[in-house]
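The two complexes that follow have chain A in common; it is paired with chain B in the first and with chain C in the second.
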Partner chain A sequence: MNNFFFRINDLHAEVEGKKILKGVNLDLPKGEVHAIMGPNGSGKSTLAQVIAGRESYEVTEGEILLEGENILELSPEERAYKGLFLAFQYPVEIPGVSTLYFLKTALNSIRKANGLDEVDTYEFMALAREKVKEVGLDEDFLKRPVNWGFSGGEKKRAEIFQLLILQPKLAILDETDSGLDIDALRIVAKAVESMRSKERSFLVITHYQRILNYIKPDRVHVMVDGVIAKSGGFDLALELEEKGYGWIEKELTFAGGRDL
Partner chain B sequence: MSETVRSVDLVIDSYKKEQLCAINDKEKLLQSVAAEKFCDVGFPTQKHEEWRFFPLGEVSKVVFKRADKLKIDCSSYREEKFGVVFVNGHLLEEAVLLPEGVEIFDTSNLDFTPLIEENRFAQNPMLAFSYSLFEKSYLLRVDSKAVLDSPIEMVFVTHADKYNFVVPKVFVEVGDVAEVTFVEKHVGGGISTLSLPIVEVSVGKAANVTYVRVCDEERKSYHFSYSIFSVDRDANLSAVSLDLGSIKTRHDLVVMLVGEGASASVDGVYLPRKNDLVGNYLLVEHRMPHTTSHELYKGVLQDSARSVFKGLIHVFKEAQKTDAIQENRNILLSNEALAHSLPQLLIFADDVKCTHASTIGRLDEEAIFYMRSRGVKDSLARSLMVHAFCLEVIERVSNSTLRNRLDKKILSVIPNSELIGNYLSSEVDV
Partner chain C sequence: MAQEVHNDIEQLVKKEYTAGFYTNVEQEVFPPGINEDIIARLSAKKGEPEWMLNWRLKAFRIWQKMKEPHWANVHYDPIDYEAISYYAAPKKRPKSLDEVDPEILRTYERLGIPLHEWEKLAGVAVDAVFDSVSVATTFQKQLEKMGIIFCSISEAIQNYPELVKKYLGTVVPPNDNFFAALNSAVFSDGSFVYVPKGVKCPMELSTYFRINARGTGQFERTLIIAEEDAYVSYLEGCTAPMRDENQLHAAVVELIALDGATIRYSTVQNWYPGDKEGKGGIYNFVTKRGLCAGENSKISWTQVETGSAITWKYPSCILKGDNSVGEFYSVAVTNNFQQADTGTKMIHVGRNTRSTIISKGIAAGKSQNTYRGLVKIMRNAEYARNFSQCDSMLIGNECGAHTFPYIEIHNPTAQMEHEATTSKIGEDQIFYCNTRGLDTEEAVALIVNGFCKEVLQKLPMEFAVEAQKLLEISLEGSVG
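Moving on to the complex of A and B:
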């Protein structure tokens, strides 16, 4: 398969000498939505952070290819220019930096890097006003510092709002569903569904099957102890919901997790 | 030691020769006490608690000469419409432009009560030194009930040679119910010049005063400021200080809340870099019940810069229902930078609310990564965070022109700040 979109090959990563990712393999074709499920501590969030370029994790082996290019050599901002977006499990509060300024700067940096004209404040405001409604947040929130003093639910919606503005090619949602009530979950899922297209892929990392009822994945991968231990269709998510993760941990003889 | 003796001689000589005739009788009397005190104790050493992290170095080893009285063109230093300029401690008469309700006098024939009392010299030997040495003293008066929209600027220019000292001395008197903004600016200086400004500010009953102090002298100069405020009943003081750093910059600030219901916010930003040493020594005295003080000092240190923040909140026995908060936050941008943070409370009343917080840390790498992952360049993410950190303080200045001016000064010393662009103007109404 040559025309793959996003592929992870035998990825090993550690933090302070502790091995967390132990040979992750994954294929995510263009336009598909894949879910990664798994118990706490299995390495799901580490994988998300490594893909986005967090420097505190050391990649010791393997590669991450986005449209054929190994992005491990790129800085986090260069990965963003390539169309990568990570919705954080714990969005960071940045006191004093307004959401409006931050996001406009982010959008224009990405546009500039891709040879597009920068948007001015008024164009940006028009776009922001439209998108902020979609996630059910008040316009006032644009003036507030990034994530500053937001409730857990507001932070998650704000992440999706940023996703709607930045329109990445590959979006990774790291446990965006945790801590959301059902209404907020519906809003988030609806926004994600609205972005689903042939040109865009999603990696939805979650502990629970609930969000997958709203964002139906094309494939489901199960991560256990730093590897993709099993992959399958949506049925696998249902099975996990019912039986938990224990049985997969026992079954961990599978090589790599990719369909062979 | 012999150098201190020689500096003591200088103080004694200058006093005996009665060079200091252009000042008021009360100040003259205080000056003799100060001179005596200084001759007795000499320069503070690092054994002195208030000077432990602030070595005087050559300031206490070299005998400085008084800078000459000069007439120079200072128009480039003026930014506000109204104001006064002092060159080497002398008022530049031709540069005085003040609105109705504001006047400036020589204190020699005035009857007024200085805020600095004898005990301050024992608290601070450096004040005893500078107080012994001023030869001109001015009083800037704002009438009661005056409401002034434009800030009043006081520019203190040091125009002197190496090892020259200047001692500007001003008493600012704000009448009851007046509303006014002051900008105190320290500029000029040069290699090993020594500025020793002394400023007293009396805020009348129910008056509203914003007092901005900017220390922007030449980077090799020595600067030791002493400021003392008295805030009367129901009056409100908002003091904002900006230190851009020099080889030694120290500000000793005393705020006395002397009337019931008086309140003060005392804030500052310091941005030392290279080999700078910046010290802010604050003493807030709650002398009466129902008084409020909020202090927020923030420091950003680059290169091998060092800083000292020492804040003491002193609640007198009578000052029940005091509400005091003190906060000192520091960001170190380099491994060589060093910040000292020394908060202290001294409480004699039993029904008060006093808190303090102090942090010294680095930029939040989590936040930097978050911004980078959205496409914001590393260098921009860092300067944005530093800038935002400082903004919290200068946002307390309500006059937007003045606030933008302070913002520009801050941006001028933040690394890579040119990447930020015009931050404030991007804030359109939504």
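Moving on to the complex of A and C:
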């Protein structure tokens, strides 16, 4: 038994025979916010989906430990019961299923698995009404089918709305900032900030440094070609913004530490 | 005094007849095979008047000249009509729930059906469930006061011969098709509903509330008549899987709506679909048709079809009255080796007639799911309108969904709209639900229910909830 909250050791994963993650190591203590930055195609979303348990990605090596337990053996829903949440880069549409019903079912499945009483429709309505406002969406969204016909920005807000409802221990935000204008970004960031606590950790995946001005990370990791190539403080994000990712890629090659 | 004695005797005779009837049912099974003699015996068993026997015999002679149709997109071994016993005597029933397949009981449990109803559903040989009998009696009294007749068709033949004679076979004549002819010759029982002019039936009528509903058997015959400005909503079937050892079911349902009348007919069909290897299961060959005879009349079919090994069923509307409206809302689910070929026909005869078709087909396992629909606009149907939407959803790679929309237009003022989609339940949709704490089966049920929502909404409330659960159970194990 160790004291780490969330830890990834030497994670390798591939899809359709193509190696995407090539030995990811990461250590996210409880209560901290870490950012993962990196160029497009470097494997950020793959990492997020592997953590959440997507079966189409095959893990060939390594482990993912949540509070000391290797969650690779668990199904995605079991990981959700353990307090894991992924805000998708591309949220999925479910026609005909109202957001309200979907989320109530989700919340109650998670509560039930944790031995808690189910929340009834009235309590849930009240909760949902309150939270939906926090992400700047209209109450009507609760009645609309899950992500169905939502604009890109609405989908991202809706993911954060789900986050607010489900109150996970570990939240992974996959490019929640992309496609949001500055006002929406502020609203989303504020909602996330309101969730920040000693008991909750965040992994904020982003392509741009912009969102990190609002959600200040404790640490920044840079992913390049399936590995965490560099880690540092908030300064690293600023440096990346200024210089781009090229120099890290060069540094990697130069170090010769691994095959590219 | 004399009158009293007479009544007593009548009571006695009736009682004996009833008792005798049931004892006979338990013991007697007709030898397999179909001929005029068998039909005569069947008719006699039911104590039918001569005109009814003649009607059956005429149908039988028509049937003999017909050939079994094979145009539907279903495949099955030839049916041997000489191997069937045409007297719908209940076969050996289980004596207690201990003798019933535990799998069926588990389904009842999951559907949330109260324990005291299990025996009835499983066909356990108990003398009817007293609760529901008394409920049924109360309801019938209330209906009677309003002039509504709701009884078995056998009773109607005895008690309301004029009505039966006037309407039976007017919408689905015996020569309509092979199975309709067979049904006309040998129909076992079914429901009869008559709602008089201007009366709105205050409750959903379901076979559940009809005394004697049990054992309507394999050749069910239902006749519903709504007179001018009358309204009735009828529920057929049950979400619980019905145990039945008869493989061939060939029902006929006829609806007649006069001026300004509305008939809503909802079905949940969950006959035994066969096992996971495709063995056994009911062949469900049904002819259902409604006649919007009067102006401004409306007939609305809603069906949720999840059972049977083979379904061949096209609830249809003949829109004869001007401004009449026909609707068809359907969910058909097939899993494992099930085959369904279902849809509707909307025949526009009158002016300004309108029809709506919404069909949702869901195929899983190795099943085949076909929508087949005809919209026909006749020459005098000025300004007829139709909207059709046929959506198919596939679960897995081994099933098939097919859509055959036929359109025949003989009047240039017709307005037609047709939409069709085919989708697959996406791995991404299931994963998304999984990450929110729903297991895969819950996820599939949720996605499918969402897909069918427009149709499920058309069902009466209590039916809709059950139907949702039913979809979930029908698709159990269909994904990974």
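Criterion: the second predicted complex is superposed on the first by the 251 of 260 C-alpha atoms of A that agree within 3 Å, B and C clash if a C-alpha of one lies under 4 Å from a C-alpha of the other, contacts with A are read in each partner's own complex, and residues count from 1 in each chain.
Assume contacts are C-beta pairs under 8 Å (C-beta built on N, C-alpha and C of every residue); 3 or more make two chains touch, one makes a residue touch a chain.
Model, not experiment: these values are computed from the prediction.
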item: Chain C versus chain B on the shared chain A, clash or fit after superposition; value: clash
item: Partner chain in contact with A:L142 - chain B first, chain C second, else both or neither; value: first
item: Partner chain in contact with A:F4 - chain B first, chain C second, else both or neither; value: neither
item: Superposed model, chain A: greater residue contact from chain B or chain C; value: B
item: First, second, both or neither for A:R54, with chain B first and chain C second; value: both
item: Partner chain(s) touched by A:L100 [first = chain B, second = chain C, both, neither]; value: first
item: First, second, both or neither for A:I110, with chain B first and chain C second; value: both
item: Touching partner for A:F88 - first (chain B), second (chain C), both, neither; value: both
item: Touching partner for A:M125 - first (chain B), second (chain C), both, neither; value: first
item: Shared contact residues on chain A - chain B and chain C; value: 52-56, 75-77, 79-81, 84-86, 88, 91-97, 102-103, 105-107, 109-110, 113, 145, 162, 166
item: Residues of chain B touching chain A in the complex; value: 364-367, 369-378, 380, 384-385, 387-389, 391-392, 423, 426-428, 430
item: In the complex with chain C, residue positions of chain A that touch it; value: 49, 52-56, 75-77, 79-81, 84-86, 88, 91-97, 102-103, 105-107, 109-110, 113, 145, 162, 166
item: Touching residues on chain A, where the partner in the complex is chain B; value: 52-56, 75-77, 79-81, 84-86, 88, 91-98, 100-107, 109-110, 113, 121-122, 125, 128-129, 139-140, 142-143, 145, 162, 166
item: Touching residues on chain C, where the partner in the complex is chain A; value: 426-429, 431-439, 442, 446-447, 449-454
